[in-house]
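Here you go, one structure.
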Amino acid sequence: MAGNSFGDVFRITTFGESHGKAIGVIIDGCPPNIAVDESFIQSELDKRRPGQSKITTQRKESDTASILSGVFEGKTTGTPLAMLIPNEDQRSKDYTHIKDKYRPSHADYTYQMKYGIRDYRGGGRSSARETAARVAAGAVAKSFLAQYGIRIFAHVSGVGKIEAPNLPSHDIDELVQMRESNIVRCADPATANEMVSFIDSIRKAGDTVGGRISAIIQHVPVGLGEPVFDKLHADLAKAMMGINAVHGFEYGSGFAGSEMRGSEHNDIFVNPDRDAAKLKTLTNFSGGIQGGISNGMEIAFRVAFKPVATLMRAQQTINESGEETEITGKGRHDPCVVPRAVIIVEAMAALVITDHLLKNQIYATK
Amino acid sequence: MAGNSFGDVFRITTFGESHGKAIGVIIDGCPPNIAVDESFIQSELDKRRPGQSKITTQRKESDTASILSGVFEGKTTGTPLAMLIPNEDQRSKDYTHIKDKYRPSHADYTYQMKYGIRDYRGGGRSSARETAARVAAGAVAKSFLAQYGIRIFAHVSGVGKIEAPNLPSHDIDELVQMRESNIVRCADPATANEMVSFIDSIRKAGDTVGGRISAIIQHVPVGLGEPVFDKLHADLAKAMMGINAVHGFEYGSGFAGSEMRGSEHNDIFVNPDRDAAKLKTLTNFSGGIQGGISNGMEIAFRVAFKPVATLMRAQQTINESGEETEITGKGRHDPCVVPRAVIIVEAMAALVITDHLLKNQIYATK
Amino acid sequence: MAGNSFGDVFRITTFGESHGKAIGVIIDGCPPNIAVDESFIQSELDKRRPGQSKITTQRKESDTASILSGVFEGKTTGTPLAMLIPNEDQRSKDYTHIKDKYRPSHADYTYQMKYGIRDYRGGGRSSARETAARVAAGAVAKSFLAQYGIRIFAHVSGVGKIEAPNLPSHDIDELVQMRESNIVRCADPATANEMVSFIDSIRKAGDTVGGRISAIIQHVPVGLGEPVFDKLHADLAKAMMGINAVHGFEYGSGFAGSEMRGSEHNDIFVNPDRDAAKLKTLTNFSGGIQGGISNGMEIAFRVAFKPVATLMRAQQTINESGEETEITGKGRHDPCVVPRAVIIVEAMAALVITDHLLKNQIYATK
Amino acid sequence: MAGNSFGDVFRITTFGESHGKAIGVIIDGCPPNIAVDESFIQSELDKRRPGQSKITTQRKESDTASILSGVFEGKTTGTPLAMLIPNEDQRSKDYTHIKDKYRPSHADYTYQMKYGIRDYRGGGRSSARETAARVAAGAVAKSFLAQYGIRIFAHVSGVGKIEAPNLPSHDIDELVQMRESNIVRCADPATANEMVSFIDSIRKAGDTVGGRISAIIQHVPVGLGEPVFDKLHADLAKAMMGINAVHGFEYGSGFAGSEMRGSEHNDIFVNPDRDAAKLKTLTNFSGGIQGGISNGMEIAFRVAFKPVATLMRAQQTINESGEETEITGKGRHDPCVVPRAVIIVEAMAALVITDHLLKNQIYATK
């Protein structure tokens, strides 16, 4: 109801504010006997962590997750798995200047109107800091999916008007290596260079810029997704639109597909494996999902992020009393959110696929 | 879990197959004392009804909804409101040719793999016929929203590569009139003509084409939406992506916004009404939603529909035994789905807003 | 939220008022490929049907359920299974005398206060007529459970101060035969005679009486139940307390067990089958459930029903204007609800076990 | 799904094992602007805390809850309120003797069968230690209910065959004072003495005993409860049956009511306040709930607890290999659970009433 939970079966609930004591997450419905590797969880958190490069915020947070419950002798027990990430570098003073001002295109005004109270420090609950909890939970989900050979890859495919070419490979290990070779997390090195320079110039100008993340999911079995409201792509859409700053989602052929004709767009079935339960399609405009259900092909989607709202420039705004005032970003902020958001996109995708995989065990024919 | 329900508070559950006895819907959580006008429900269904023009399928269904419960002396009672729409023109014979063949880019293969059984007649549950139930429920939601002055408008803003200009007005009565003046349901008459001609030519070629629907929602109060996973736009996205054939969703500045800089994109607050609880923004790249919560501005979003998969042409495919075969569309199908989908988009939007409006009554400060 | 649904995975939603057009139910989450036998559903409904004997209400309803969706060629398809039971004998005139009066110990006053409107005819939604929908859904659940060998038996174990001895057998076929040999549905024929005479005398006096139903569930596999809030017995309790007129629930040793010592009450494990996964216990004070999870022993519970509130006698009451008035039951009512409630108890138990059985498929170790 | 959450609107999720790092709870859906008094939360935890008297377990836990999120400057913000209670006195060695043995009437066997793994230390998740998290959440719920004047009182009304007389007062302050004057928490001092002596003798014998808790809830407004499956008493029943060791629940006239006639049992409406919206009833066999909805009278219910299963005596049992063995309780255990469970019953009742109160704001007529 209050919307701090995600998933039906593998269900996470996050808590915490940007400048409170801690943030964290409970996973309820995690299957038992999954090996949990804390160093893997940490390596995922490190990809989202602030202060990792010159093009991200300089806030210093080690983002160390400790597991409080649900794991016994290195394995999940089927009971709630709680993880805690303490807040360390809470320069709350940086935020007294916004105590009674509404930052443009932020959630200050809407929170104040909805709740009549808000923790203004660093955006409180509306801060993207909350997504660290999602990344920790996503790491557990990825460990579970690994048992099924399911792998997820996301990278920065666009920054401002710069657009990366199609993925240079469909080998995820290769793709990860290429992506992690640069600080903007684009799998195409040449484009990555261009993006880094552009973001850096934007940052120096005290401005920010939007971007796009593209993702693929491989080896998803046929049959995931509930075909009416809880279509697999509908849940992916909700998951992605729930990430801070996201303004758009498309899968398969997406918006471009809406310009096509059926005769171009239809994905023709073929049976290269001579197995009636493992059909392939010649093209993949369906993005691996037909009628809301995975068809065994690679799932592909794309997410659009608006530019970060906090500028290191003066902007006109209104205060809580309704009067005109001016505001300039202090604190430590990202000039472009997509390099750190790549891992959040992967985490949310892992949560969706895990949830549907478990859900499908109920209905799958035997 | 099985995903035939939508909404938390104003919760609908639909049932029914394309060629079964009936389709229908239960609304659970409908507030009491709402006047229900059956003729309004019918007028909404008529906009989705097949056979309404030369550019839609010629299947004949009167789509008459009867209310079975939950209404007493013309008003809702707070108990479940069930509506039934019998299926009439079920030329199931039209479908025996697909009994054991998988139509390309349809849900035949995925349903068969997921459930091990499927009602192949007309696509069974995967048929867009199910959306009539949503339209009926959406009509009740619209009646509820009308009490708050909230209004929703959708129209066809794109067919293939044809794109309508920006909305000619923000007066919804005017817009509806313009939209209903043409069979493609585009509020811009010149573009509408172009679209109709194009769809007609596509139809004659036995082909189909995709399109786009744009929607606005006016007079939504500030405060709707739960700010983390159940952001107002995340629920709108899920609602829209759950409509058959939808491949993309964006709100506010959308994908285009991801190319912009923060200094262009930020919506500056102003206070024209001298009321600190009724701020406005100079621009509306936020699409009426900030931090997942409505900010009182017009909500705006756009939805992409892929081309209809059933072609009146021979296509290569695979049958249930895994063998190559050929298939040609029989039955009666739409060359382009968007003219009839306009009302489905409105219905789903009405359901989302109603659900969040009711939900917000719980937490709203007093 | 509005509480007309039950179950998480095998989820039913009922609708309908006592004197509306119809009542019905949607099962969402019914696994595919279950054979559905409409005559079995009907035979279950016949056990709840009014007018079946001199000790039940004389309202005439054939209670014929028709399946509208979710079944194809005799088998479930995994899509929502909707069933409709039209109302036939709606002597609504019988109820005009209660239009503005609150019947004592009925739901008239609370519905009016909660909703500000009520369908007063026959109690509207608060009528036990709604339970026919549950029985129809329960019949489908029983068909599913039969595949696992799971069987449920309930009978009338008490009427007023009359109490049946312990069950004469644990063979369910035998028990059903004994129970169905008498109109009060008590498996002990001697007690049954006593009960029938007593109820008949109560009926002639225009009065009513309460009673108790005891139930057992056999061959439930080890592991059903979620151990914290959704304990198997907690869900059974909720299911039973949700039946009209129920005031008490106990399982295993129940209230009597709270008077015992641990040394008497503990169920000692034994291993007669030499199978560490199929332990038994020497006694069964645990009622087949330990820590909220089934342990493989017979599940046993008991339910208390208050006397029917409608009397064929004058009673003092208050009307909607707050004035004193008098009321006398008209219409057709049961002098004792338990003979017809036996099948409702079984249906609700079947729904709980089915839901947990499916749920357990998700988490069960492999 | 996995059942570690309770409530729809005011929704708690608990985590933690008896001998893990910590236990805790997230409240999601807590309304904003509620003053949170940490000393009140602590005083509630102290009533459940182990080691508080000679008739409770001697485990030493300060049970100090710290609030991690959701409270800003002493008030709730509408965001998730997380509380953490570290485990301190974890003498896990006390439990190595049960590592591979199934304690009789415990959850060891069922957890092992369900999950294939269990944290055997102190019962892990099945330990009643988890209920501390419920008490902390219940304290927040009580603070919320206090704003509406709603108050809850529970006390020990029975231990073994000892039964307290009816409540000596209906003034809750007086009742609390009487209850807290003795270590068994019975509001009748004479009976309390008898209970304490009896429990002490049981303890010395290495045995345990069951008991009963009775509760009342005052000043609940008319209209709480959803009338079909989510009846107010059905949710109370589920809440109570979800407490460790509970085997029975009854409300109002309960099991005794099932022996009565309608003419005795019906609660006659009267209107002493000359207000048609504030009727009273002469008797209260309905226990304050009619048709599943509160009627404004005092809500009354009773809960039965089985004897604690851990005995300080040798008992025969079976180990994980299926072999016969013997077990004797070590560790620190309660001879009777009810004195400490009083506050858990109150907490769960507070959660149910809060959830329904919030839920009712949605549907209440205006």
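To keep things simple, chains are lettered A, B, C and D as they appear, and every chain counts its residues starting from 1.
The rule we apply is simple: a contact is a pair of C-beta atoms (placed from the backbone, for glycine too) under 8 Å apart; a residue touches a chain by one contact, two chains touch by 3 or more.
Protein names from UniProt, one per chain: A, B, C, D = Chorismate synthase.
Computed from a prediction, not measured in an experiment: that's the story for all the values here.
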item: Chain pair with the higher count of C-beta pairs in contact (A-D, C-D); value: C-D
item: Copies chain B and chain C touch via same or different residues, half shared test; value: same
item: Chain of greatest Cα-centre distance to chain D; value: B
item: Euclidean distance of C-alpha centroids - chain C vs chain D, Å; value: 26
item: For chain A paired with chain D, centre-to-centre distance based on mean C-alpha positions, whole Å; value: 39
item: Multi-partner residues of chain B (each touching 2 or more other chains); value: 1-5, 8-9, 14, 29, 32-33, 78, 114-117, 125, 359, 362-363, 365
item: Complex contacts: residues of chain B adjacent to chain D; value: 1, 9, 29, 31-33, 78, 358-359, 361-363, 365
item: Complex interface listing, chain D residues touching chain C; value: 1-6, 8-9, 14, 102, 104-107, 109-111, 113-117, 125-126, 130, 158, 160-161, 202, 207-212, 222-223, 225-231, 233-235, 237-242, 247-255, 257-271, 274-277, 279, 281, 285-287, 290-295, 304-311, 313, 315-318, 320-324, 359-360, 362-365
item: Chain B residues within the chain C interface of the complex; value: 1-5, 8-9, 11, 13-17, 20-24, 26, 28-30, 32-33, 66-70, 72, 75, 77-82, 84, 114-119, 124-125
